[in-house]
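Right after this note come the structures.
After this come two complexes, each holding chain A, first together with chain B and then together with chain C.
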Partner chain A sequence: MSLLSALARGAEIPVFPAIGTQGLALVESLRSRPGIRLVDTPRHARVLLVAGELDSQHLRSLERLHAQLPAPRGTVWWQASPLFSHGPRVPDDDPLAAIRQAAQADEPVLRPDLPPHPWQGIGPHGQGGKGMMGGTPYGRPMAMTADDIRDGLALDAYTACFGPFLPMLPPGLVLELTLQGDVIVSAQMASPPFEQGPPGDAPNLCAARMLRLMGIDIGIDIDIGSPRARSRGALLALPAGSGMRRRLAKWLRGDHVTEDPAPVSEALPGLEWTEAVLWLASFAPARLRAVCTKEAVT
Partner chain B sequence: MILAAFSLLVALPALIWAAAVFDRVGTGRGATVLGPLCNGAALMLRPNTSTEAPDALNRLLAPGWYLALALIGLSVVPLAPGIVASELSTGLVLWGACEALTVVVVFLHGWSPNSPLPLIGAYRYVAIGLPAMLLSMFVLIAAALPAQSLSVVEVVEAQRGLWNVIRQPLGLPLFMGLGLAVTLRGPLDYADGAELAGGTSAEESGPALALWQFARLAMLVAFSAMAASVFLGGYLGPGLPGPVWLLVKTVAVMAATVAAGRWFARTPPARMLTFLWVILLPLSFANLALVGLEVLP
Partner chain C sequence: MNQIAMPIIFALLAVGLAVALQRVGLRADASWPARAPFLGGGTAQTHAWQRFHVRYYPMTLLFIAFEMEMMFMYPWAVVYVETGFVALAEMGMFLGILSVGILYGWREGVFRWQ
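Here is the complex of A and B:
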């Protein structure tokens, strides 16, 4: 055990970023920093890094996220006002020292380990559905067989909220999706993405985010304008006719993407998870936010 | 047999370390050599996580099964003339079974935490894994034809005149596609990708995650040793002892697989399915037909 401990002292600190307002460019600038590793899921993280301001309506989501980190866990508030009393606050540009400090912390779970609603016991199996499927046990809808929207077969449809801190979605975006396998059957916009300002729309940052979703992690130091990303098949990998190739090509040339997306409730149904995620990432955050905000109002 | 099994068990940790080092080369993260060991140690000291209503037994066993499949697959690779852990006349079939069961194990890994993103990773991997394994079967049958045997030992010996990589130029590139799929890498990583926040591994932490990553690297070693034996002549080569040649070729295939995994973009799964069924599988048929014509008396 002592050998493991000695080796572990030289390890990178795995950090899960919860990105708030104006936090996207901040977090991207951290990706190449030695000593830490940004991870895609809170389960792999030791430290929760809240980057950018969040208002108090996100407290519950953040507490749930916090509870997903295995113990011991620590929190850092980077250019963010703390929503709970644990973890250091970092007002300046460099959170590394605070992350190291948080990596020694052992914060308690902030939410009780309970289902969101009590068990109600409706119907023969108690969950209120049909047979052993469907219903809303503990207040959460369970999968229920429904017609497949593509080929007329019947498949289990599952409804859940995704966001606001899922790393593959624009920060702040909350979608209520009904999925059959990885195909989106219906999509409702529950909350628009956070504002990221002009740094969030920078072509190198947008291209790097999209490439990372395709398994190419070359960071924001990507040599915009070089044919490297093209030679990796990044453009060919995207579905033709979706506009995604055109938008990624623009970013790779160093140009801004100024197209507006269609409302997500119309554009996402019928797409597979990966296509939907890439489609959302293929618009400038400011443009997507504007359309989603309008959609949320209507 | 005992000597071969012992040699494999001694060499495997070092090769897995080498594979992890390859994964860090060029990432600009520093600590290329010691970094994987330190990160692995830190992961071992973190706790496993619990989820709501998991399939606990399969969640516990999936990483172990994956590692076991890598070890069983590796056991049919001959280290030198007459030195092989499992001297089977059907070694290629055993390797094929390990490939096919990898699909099952990855599915169980995604199914067992009872969580949506891992489950999507699991389903997607099965869809992609099936044509990838089929492709590998045709490629391996083509490699077995000149040897007139399904024994890996015989396939290596049949390359004394000419390596299969030259005799069947399509074989190794197609087999590399299978390698990316069974080791969950880059363009064929439909199980654990970033667009699913880690996919089948999204809910894992601590020793369970460490073992899964260790098993992935062990599978990379097993695949590389198999590719080196079936297409690059295995232990055959001038001057150096056979095991050294096998080691050199295995490390070269490992490096190439890691590089290919990092280089190429991953398409949405529907496009990859079309590519596999419509382009790569017919290419593997063509490869088999050409080899069949070549070995006609």
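Here is the complex of A and C:
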């Protein structure tokens, strides 16, 4: 073994968690483990950790995520049934050995190496369509102007599906959002968040998750009294009148938040992206899931 | 001789650097799925190339208006005593032009605390 590989063995393994049913508390318990580092994008990860059960309708999303890990990549199925045939399965509580094993793996890309839309040779210059503004370069349409809901300045509207494994959104939640810059113009809930059970609603876990979204990483084993000074600043940073301050303060006191959110498609339009992300994180996962499931049915 | 050689050497260096950078770019052999924007497994309907509101731009305009004012006021203050009324009129015109920018910023709501 060369010196370089010996040094590399001791390094932290960057892991991207794809959280499934009952996986939120599992992943939170990993944050303080030495030897691994949880990262926020697959681009920075070596190992894809699937924590908690997923059904086969999320296979396509998971494969896209898997393809976005730079080679060499590995997968670990932690308390999850494998949806594809690569990577070890971990039925028990400790995935560290399996993550180390997966960090040696080199799995192939599971999605075909094709552009998302056919474009080569199409159009007068072979660029995928006609023109640039309003055209379809690379076979995909350009964002075009739409009325602004905030100050009347007409700007380009960007429509995309966010989730189910976006780290700032509750796991499993798929939102079809139309954004103008960072302002959400319209929101549609495509799929509700996954069931997380009572461990997912624990006040320390919810508070740590919300503080982390604000850039304050204090871990889940926060002693509810000690981080007062820092979290008081966090309370002031939250927008007044949205109820977020009240809910975070409740969690920091160690109480459960029992409020129900308004339907996502009504609450999110008009908010900025970061505000919307914090708003979603300020409700207990079980409550948000209940409201979203009801919204999906109607 | 030097006067002819140096520009040629610099031109060659510039071309060499450009070609080298282009070759570095070509080595990025990311697959199509890896090049897609990261949306947590979701996909985008349109290109991410879009026009959006640079929200800080009225603030920048105001900053430049006041900064330019101060930048010219210091040297102006030095020559004001010997030049007299002419300098005063010139500075008045200058401030008049800048104040149009400040008035525009005012209309855009730059003085409103958010």
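Just so it is clear, the second predicted complex is superposed on the first by the 258 of 298 C-alpha atoms of A that agree within 3 Å, B and C clash if a C-alpha of one lies under 4 Å from a C-alpha of the other, contacts with A are read in each partner's own complex, and residues count from 1 in each chain.
Rule of thumb we're sticking to: a contact is a pair of C-beta atoms (placed from the backbone, for glycine too) under 8 Å apart; a residue touches a chain by one contact, two chains touch by 3 or more.
These numbers were taken from a predicted model, which means no experiment stands behind them.
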Chain B versus chain C as contact partner of A:Leu278, first or second or both or neither: first
Which superposed partner A:Ser32 touches (first chain B, second chain C, both, neither): first
Which superposed partner A:Thr41 touches (first chain B, second chain C, both, neither): both
Chain B versus chain C as contact partner of A:Ala267, first or second or both or neither: neither
Which superposed partner A:Ala249 touches (first chain B, second chain C, both, neither): neither
Contacts of A:Ile149 with chain B and chain C, given as first, second, both or neither: neither
First (chain B), second (chain C), both or neither touched by A:Leu4: first
Which superposed partner A:Pro167 touches (first chain B, second chain C, both, neither): both
Touching partner for A:Leu65 - first (chain B), second (chain C), both, neither: second
On chain A, the residue positions that both chain B and chain C contact, one per complex: 41, 43, 70, 158, 160, 166-167, 181-182
Chain C contact footprint on chain A (complex, rising order): 18, 41-43, 58, 60-62, 64-65, 67-68, 70, 109, 111-116, 137-138, 140-145, 148, 151, 153, 155-156, 158-167, 169, 174, 180-182
Chain C residues touching chain A - in the complex, by the definition given at the top: 31-34, 36-53, 55
Of chain A, residues touching chain B in the complex: 3-12, 32, 34, 37, 39-41, 43-44, 46, 70-71, 158, 160, 166-168, 179, 181-182, 211-217, 219, 232-234, 236-239, 272-275, 277-278
Sites on chain B touched by chain A in the complex: 27-31, 34-35, 37-42, 44-49, 116, 120, 123-124, 186-187, 189, 193-198, 201-206, 209, 261-271
